[in-house]
Amino acid sequence: MKTMKYPTEENYYDEVLTIVNDKNKKTMPSSNSNAPHISVRNLNVYIQRNHILKNINLDIPNKSITCIIGPSGCGKTTLLKTFNRLLERSNEIKITGEVLVDGENIHDPHIDITHIRKKMGLLSQRPCPLPMSIYDNIAYGPKIHGTRNRKQLDAIVEKYLNAAGLWDEVKDRLHAPANRLSIGQQQRLCLARGLAVEPEVILGDEATSALDPISSKKIEELFVQLKEEYSIALVTHTLRQAQRIADYIVFMYLGEVVEAGPAAEVFNNPKEKLTREYLSGYFS
Amino acid sequence: MRRAEELFFKTLMILATIVILGSLMMILFAVVKRGLPAMNWDMITKIPSGGFYIGKEGGLLNAIAGSLFIVIGSTFLGLLISIPIVIYINIYLPPKSFLADLTRLSSDVLFGIPSIVYGAFGFTLMVYFGLKTSLLGGIIAVALLITPILIRSMDEVARIIPKDLKDAALSLGATRFEIIKVILKQISPGITTAILLSVGRAIGDAASVLFTAGYTDNIPTSLSEPAATLPLAIFFQLSSPIPEVQDRAYAAALILTFIVLVLSLAARYYSRKFSKNKI
Amino acid sequence: MNKLNHTKYRILKDILARNVMLGLTIFSLLLAVIIGIGLYIKSAPILHDHSLWSLISSSSWRPFKGEFGFLPFIMGTLWVTLIAIVIALPLCLLSGIYLSEYAHPFVKRIVDPMIDILAGIPPVVYGVWGALVVVPFIGDVVAPHFVEYSSGYSVLSGGIVLAIMIIPLIISILTEIFAAIPKELRDASLSVGATKWQTIKFVIIRKSTPGIIAAVVLAISRAFGETIAVLMVCGNISQVPHSVFDSGYPLPALIANNYGEMMSLPLYDSALMLAALILFVIILIFNTISRIVLVRIERRFAL
């Protein structure tokens, strides 16, 4: 089995091709499967001088679902956005501390930011299809990273639409504009689009909150399937969702991590009073 | 490779921005370079003597006064028309009213109608009513020209008046007519911006006053007399072969540019806090 | 009893005010129609004598003989407009993207007011600049490389001056359109590892294409109607221009230049009012379509 920590662009796509050709093969290049995939060390984030994230220390374990929960305004989304460095596009952001992905600090000034973002598929709150066809939405990422071969692209599109459970629904209208899909389909399309660049981590920012119950159930099921191959970090403020799918829970309050640990432990036997109160619905 | 492409286009973008700003600098430089030597006290205190094409003596007071009268008159008339319209579409009509949207669309469209058309239309009106080129004709044509600007820039501020404010006033038992005062106070910064913008447009426009206000060497003393304006002073006097007369054109260009510069900076200063300005 | 009367009086006042305001609003809606009718009435005599098609397809302009061919003026207008758009659009796209996507807020704070000033400069001042700087530059520096003789008073000079005049309009619309694009869309593209430029090229430009087209149409109609500035630099010879260094005579310039004599010849005023009507109708249509497109964009993006 080929395991590579940082594939270069050239052989990266050879690998995609072998993956496409051989579905039984273990798909993701990734590090030692027991080490945490993302480690956050002493992370502080200030937005316009407001201290938003306070001294966060946290591990996102490999190949499992980590749900970040907490009342709104606690910094969940900000934390998620520091993982793929989408946060710093806004003004007056100051970040200290480290976010290590596969042991590599993503805030290292020498690092290629697109390389970081490619490793992380983001699924936002509201589905956001790019203004192009269904096919092009999926092919967008691979094309950006240099895949031009039509057959390769066809294979990638089919593979990831399948992975998102959307292939059967759209295979006859791949070249229709993506915004004609229903909102639930759009969200699965966005998931497929994220997967198509072969990320290692999937970040979900309340990814089901804009969807109807049936669509969000589909997305949840997809997450559970996908954790075989990816590390998944989800921000959610529906506790039930976290209870259904989380392997690990991170509870945040007012910019701090109050408690983190395996889901069963946190839900059944929370150590902190604050966690207990939140879980029992004292505040939300 | 993709870095190189990005760098290439980013360089082009900066160059394009520099070209645009450079043109502004060139325009200002050209106007100041020719206008400043021509400026003197007589320019703004005397009227031309012996005809504007050939008269070597005198200044621009006729055009300054004429422009001032037209701007004041047309702004007054424009406000008289536009304030009730803005009030009506924002207070009397329900939110998301078709009529309100139609009015906004129509003033956007009217804003794009060139001033020469307003001038020609004003002229046909004057022929119909048997008027000659006069201050009044100029005021009417320019008022038509600036009313859409007034409506749109006041409307932008009026639209964001919180509904609560209206409700609060209405729940005290006031009629809608009686809360107008409150609303006007609320949108006063918008009114200021609107006036500054439309004065800038009104004072600089030549094509609308060409047919309607005419041109004269004297300061008009009644609404039925023709009036000179700064833009036309530039336009006509520039074509004169006599250097002293051309100088008057350059001096007028300098005065006009200075006024417009102050107006647009002031409008920006007032509007910055409230909205993006569309003009 | 007295109190009741007072309330009645207040309500009456409210209703009266309402009706006055409604009247004014309807007047503003009808203004375009009134302008159209007014111009049509004045241009009816010439339309009675000649067919519209013969007027706009003939290039013979001899008012004293009763020949009114608009072709040279229409071509003059098209030439300067085309040149202006060809120059202005790339500059505006590049600069607009720079200002809304790349520029540091500090840069924007300096550039934005300068664009405002550019927008505020009166046409006649643009004309002064054109006559002082652009015309000699074209006549003495550029034209000799291409043609034997050009006075500099040419459609190219007109196009350049006009290009600078419409730049602020296009840039302000473009930056508004770019600002209206949801942040999530950029995030979506960036998060698959696209660079900023790729995001602009493949997503932002594509998403804003209808808006860009609307901005161009608005700019075209502004260019069509611009009078004084082009009048001062185009040369005003009634011929169909054959190269960019030829003089041209755009429609609005024709109207403005001849208002003095137009009462002296039969049908002359009618011909000029027809020119104004043609301008008015074209610009009205262009403006209406592009404004509707822009309003739709604003609504659709404002989620």
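Read from first to last, the chains carry the letters A, B and C; within each, the first residue is number 1.
Just so we're on the same page, contacts are C-beta pairs under 8 Å (C-beta built on N, C-alpha and C of every residue); 3 or more make two chains touch, one makes a residue touch a chain.
Bear in mind that the values here come from a model prediction, so they are computed numbers and not experimental data.
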- Item | Partner chains that chain A and chain B have in common | C
- Task: Tell me, please, which two chains come out on top when C-beta pairs in contact are counted per chain pair.
- Result: B-C
- Query: Taking each chain's centre as its mean C-alpha position, how far apart are chain A and chain B in Å?
  - Reply: 53
- Message: For chain A versus chain C, what separation do you get between their C-alpha means, in angstrom?
- Response: 48
- Item | Between chain B and chain C, centroid-to-centroid distance (C-alpha), Å | 16
- Item | chain C residues counted as touching two or more neighbouring chains | 195, 198
- Query: At which residue positions does chain A touch at least two other chains?
  - Reply: none
- Query: Got the chain B residues that touch at least 2 other chains?
  - Reply: none
- Query: Which bits of chain A are touching chain C when the two form their complex?
  - Reply: 84, 86, 89, 91, 114-115, 117-118, 120-122, 124-126, 128-132, 140-141, 144-145, 190, 193-194, 196-197
- Query: In their complex, what parts of chain C are in touch with chain B?
  - Reply: 10-11, 13-14, 17-18, 20-22, 24-25, 27-29, 31-32, 35, 38-39, 41-42, 90-92, 94-95, 97-99, 102-103, 111-129, 131-133, 164, 167, 171-172, 176, 195-198, 218, 221-222, 224-228, 232, 252, 255-256, 259, 272-273, 276, 279-280, 283-284, 286-288, 291-292, 295
- Message: Applying the document's contact rule, which stretches of chain B touch chain C when the two form their complex?
- Response: 2-3, 5-6, 9-10, 12-17, 19-21, 23-24, 26-27, 30-31, 34, 81, 84-85, 87-89, 92, 99, 101-110, 112-121, 123-125, 127-128, 144, 147, 151, 175-178, 180, 200-201, 203-207, 210-211, 231-232, 234-235, 238, 249-250, 253, 256-257, 260-261, 263-265, 267-268, 276-279
- Item | Residues on chain C engaged by chain A in the complex (per definition of touch) | 105, 182, 184-195, 198, 202-203, 206-207, 303
